[in-house]
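What follows is a pair of complexes built around chain A, which joins chain B in one and chain C in the other.
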Partner chain A sequence: MDPVKASAPKKMRRTLLGYLPVESPIHAFHPIIKTFFLLIISVYPLLIDNPEWNIVGIVAMFAIFFLSRVQLSIIKFYTTIMLNIFWIIFIAYTFFGGYTPGYHVIARWGPILISWENIAWAITVYLKMFFAILVIIYFLSVSRERDVILGLRWVRLPYVIAYMIGLAFRSIGLSLIDFNTIREAEKARALDLKALPLTHKIKKFGLYIVPLVALALRRTEEVSNALDSRGFKFTGLRGYRRTDYLLSKYRFQSKDAAALGLMLAILAVLTYFRYFTPLLTGQSSALLRLLGSWMGVY
Partner chain B sequence: MAPLTKSASVWEVLEGEIRKPGTVHIAVFALLIGVGAVAGAFGSIAVPLGYGVTGFWPGVAVQAVGGIWFGMWGVLAGALFPFISNSLAGAPLYVSLAYFPANFIQGFLPAWVFRAFKVDPRLKSAKDWAHFIWSAVIVNNFLGALWAVTVLQWFKLITVSSVPLFFSGWVIGNGVPALVFGIILLKALSPLVIRHRSFCKGWWA
Partner chain C sequence: MGKPVIQVEDLWWRYEGRKDWALKGVNLEVDEGEFVGIVGPNESGKTTLVMSMNGLIPNNYRGIMKGDVIALGMNTKEYQTADISKRVGFVFSDPESQFLTMTVEEELAFGLENLALPVEEIRDRIRWAMEITRLEEDFLEKPPYELSGGQKQRVAIAAVLAMKPDVIILDEPTSMLDPIGKTEVFNVLIDLRKNYNVTVIVVEHRLEDIAYLADKMVLLYNGEILKVAPPQEFFDDIPFLLEHYVYPPEIMIAVHKLREQGLYSGKIPLRFDEGVKILEEVVKG
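Right after this comes the complex of A and B.
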């Protein structure tokens, strides 16, 4: 291998949540596939209660992350959020899960009864959430604003709406730049954010909204004038079809159809199993039975 | 800039004044989504209670104030930006989708009250303050929380017994920032906004 090429930095593409290598296989698909992935795969965890099947989904998602070459730092960023959700679900279900006669009580702390049924439900819900969150993280990790806009244009949404949504996505980036500018200005005035207690940090953060809104208002003028000067109209072009340059660069190929077909086929299978068999229910879970017997319930 | 006489309410369309939705409203809609998404995402990550519910959500101030200033543009922006902020904070897509009515009402109620009762967004009188507090701090967040916990239960993500925890988390987590930042935003920027061409006296312009 050419040593110069080997040491050259990897080419990356900016996504909604970070960067993705240019050679990621996901780029080979039509951008609409990413949106369909989000819309279809997000339904899977809603249909599955059985923890084993959700674990299968989670493992599959990690494999897809790996195959798509998504940076691990993105998943690491969500570790705290995942842990937070775990604690919230655990506390909400075990301590505030309620009690129905027939529940197997494992521990009793004053008025609080901790039952096996509530713990089992906490495990079930957490794994469902974990799977669903991985789907959204994946979408944000591999998609660009352009992909979302292209997707909207592909489904023939009016240009004005697609443009507005595109502008909204871009304005997030602008707001983040404004946010950092405000923070830098504060630091330049010797504000040590690290030294502030958490409550002050949160309050301080909230107060950033005022300059952010003020800057957004000022930018409104600029954007609006730019749109007017380009002859942008609410009604779009009457009697003419707008040329979709970007859309013309992508073709919905057989591999896109295959990917979409596979996602829909799995959805159909899961829907069948959900409503016509007990396979995806928590009651059919071997893992929960094993845990239950370990806790002396079964 | 439209001149304002002392006697005229800010909501009153003056003689000869033509108000039509324009590109400025498209721009304000998009930029409000940007500001709201940033404010909402940081809030959701800072004090998370789970499922996009947070103990302190400054995004609600953008919802309430956006609706008051920019009518339906602000209300829609306020209902849409949580999709982005919740997703960035790790809420599943369908939970974010299900929150849409809650986020819509949180922006719509103050927007409607300010227009229906001719409340001055500069908060000049006791009446203005009272209407702001009940519509943009208490009732809107109460209704939003009611819908949110119903949805979370519908998805079987929370139990009946944990409803008070999430309900109070939503009401307090939204109510406090709506009160503090809403007032600051209205007092600081309303005099400017009502003279801006993006200000909506009606619902769309």
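Right after this comes the complex of A and C.
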């Protein structure tokens, strides 16, 4: 390998969650495919109760992350959230999941009944959620604001609405810049919320919020001036059609159609299995049966 | 010079809720192809004046307006800012707040899409504007807020330039930039001055750069125009400028002092190297 090439830093493209290498295969698809991915694949876990199938989905998602060259370290950032969700679901379902006659009670602490069915349901719900969260993280890891906007334009959403959503993304960026400026200014005057206990943090938060709102109002005026100064009218361009230059750069190709077709086909199959067969139900799960027998239920 | 493109006629403007008039009976004419520098201390009304030239005032601000501003035949009272802006471009001082999209390419295309130009022409104009502003092709995919200050301001200028307006107004385009960024922006202005017959109106504090570029300098003070003159004449009266809190480049002040002491009797130099030459000649006797 050419040593210069080997040592050259990878060209990256900014996404909503971080950076993605320019040569990622996902860039070969029309941006709308990313939006469809989110909309269609996130329905899959809703149709699947069987933990094994959700595990298959999770593994498939990791494979897609890998194939798309998304840095898996992104997922690490969400480990704490994932664990918190697990504990919340586990406690909520196991201890406060209620009781229906016929449930297999494993333990009883006063009024609290721990039943196998509630534990099984906690596992089922968590795996569904894990799968869905991975889909969302993937979408955010490979998409840019521009992809979202292009998707909205592609489905022929009125330009003003699509643009307003784009402007909302832009406003988030501006607010973050302003927030950092305020935080640095506060730090420079010896106020560092990091060092304070939570109650003090909440009390002092006004010191951030008030200037942030004031700056946001000023930004509104500036952005409004910039919009007008670039010939933008919220009423649209009467008498002629606004050119969509960005959308014209992308063509919906056969590979996009194939990807969309595959996603829809899997959705159709899952829908069929969900409503016409027991395959995706929790009762058909070998894993739950194994766990149940280990707990002495079966 | 050509026909007038901007005519400010007895313009008075007072912002709502303010006691004082920001502009007091301003009269100014800018001709086609002219490069005009507007200077003055803070709060003298410079931004208000240039915002009245593309219709931001009175259309986007509340206040009382007397007099007229005619931009390329359009009275700003009768036309919307968006319509005037198609022919009178405006670059704001804060590069950050004028970006409306998430990539440089979208930013450059935004105004052109509003002009409803064909896709091919948009592509050509983007390339053209990037060339003038010396922006690299790689920037197209980048979010503008990830660029350096000078690059950001060049993107802002390119976005306006791409619309090929007859007049470009730049309101303190270098005030928020570091020295490298300022130089980058001025190089673009120099290029515009030399190679493109576009009317440019710049509000700027960096007089050493504006002095030799401008065809006409305007001194605004306390809402009134005190002096309109070609740079040579404008900078000839250094005490008058200093009295009104306009600080000419050090080299001009140095030569002015030599003139006061009778050691030099020529013109005030507009360029640094001209000033150095004068100093050398004086030293050599």
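To be clear about the criterion, the second predicted complex is superposed on the first by the 285 of 298 C-alpha atoms of A that agree within 3 Å, B and C clash if a C-alpha of one lies under 4 Å from a C-alpha of the other, contacts with A are read in each partner's own complex, and residues count from 1 in each chain.
Criterion: contacts are C-beta pairs under 8 Å (C-beta built on N, C-alpha and C of every residue); 3 or more make two chains touch, one makes a residue touch a chain.
It should be emphasised that the depicted structure is a prediction, and the values quoted were computed from it without experimental measurement.
Trainee: I'd like to know which partner A:Y93 touches here: chain B for first, chain C for second, both or neither.
Mentor: first
Trainee: Which partner does A:G231 reach: the first (chain B), the second (chain C), both, or neither?
Mentor: second
Trainee: After the superposition on A, what does A:I112 contact: first (chain B), second (chain C), both or neither?
Mentor: A:I112 sits against neither chain B nor chain C.
Trainee: Could you say whether A:I161 touches chain B, chain C, both of them, or neither, answering first, second, both or neither?
Mentor: Neither partner.
Trainee: Thinking of the overlay built on chain A, is A:R13 touched by chain B (first), by chain C (second), by both, or by neither?
Mentor: In the superposition, A:R13 touches chain C alone.
Trainee: Going by the contact rule set out at the top, does A:E145 touch chain B (first), chain C (second), both, or neither?
Mentor: The second partner, chain C, only.
Trainee: Which partner, chain B or chain C, touches the larger number of chain A residues?
Mentor: The larger set of chain A residues in touch belongs to B.
Trainee: Determine, under the contact definition given at the top, whether A:A286 touches first (chain B), second (chain C), both, or neither.
Mentor: Neither: A:A286 stays clear of chain B and chain C.
Trainee: First (chain B), second (chain C), both or neither: which does A:D244 touch?
Mentor: So A:D244 only meets chain C here.
Trainee: Taking the superposition on A as described, I'd like to know which of chain B and chain C A:L264 touches: first, second, both or neither.
Mentor: Neither chain B nor chain C is touched by A:L264.
Trainee: Would you tell me the residues on chain A in contact with chain B in one complex that are also in contact with chain C in the other?
Mentor: Overlap of chain B and chain C footprints on chain A: residues 167, 169-170, 173-174, 219, 221, 223-224, 227-228, 232.
Trainee: Spell out the part of chain A that touches chain B in their complex, as residue ranges.
Mentor: 17, 38-39, 42-43, 45-46, 78, 81-82, 84-85, 88-89, 92-93, 96-98, 118, 121, 125, 129, 132-133, 135-137, 139-140, 160, 163-164, 167-176, 179, 201-202, 205-210, 212-214, 216-217, 219-221, 223-224, 227-228, 232, 234
Trainee: Within the complex, which stretch of chain B touches chain A?
Mentor: 21-24, 26-35, 37-39, 42-43, 45-51, 56, 58, 61-62, 65, 77, 80-81, 84, 87-95, 155-162, 164-166, 177, 180-181, 184-185, 188-189, 192-193, 196, 198
Trainee: In the complex of these two chains, what residues of chain A are touching chain C?
Mentor: 13-14, 144-146, 149, 166-167, 169-170, 173-174, 177, 219, 221-233, 237, 240-246, 248
Trainee: For the complex, which residues does chain C have touching chain A?
Mentor: Its residues touching chain A are 51, 54-56, 59-60, 80-83, 85-86, 89-90, 92, 94, 96-103, 105-106, 109-119, 122-123, 141-143, 145-146, 159-160, 163.
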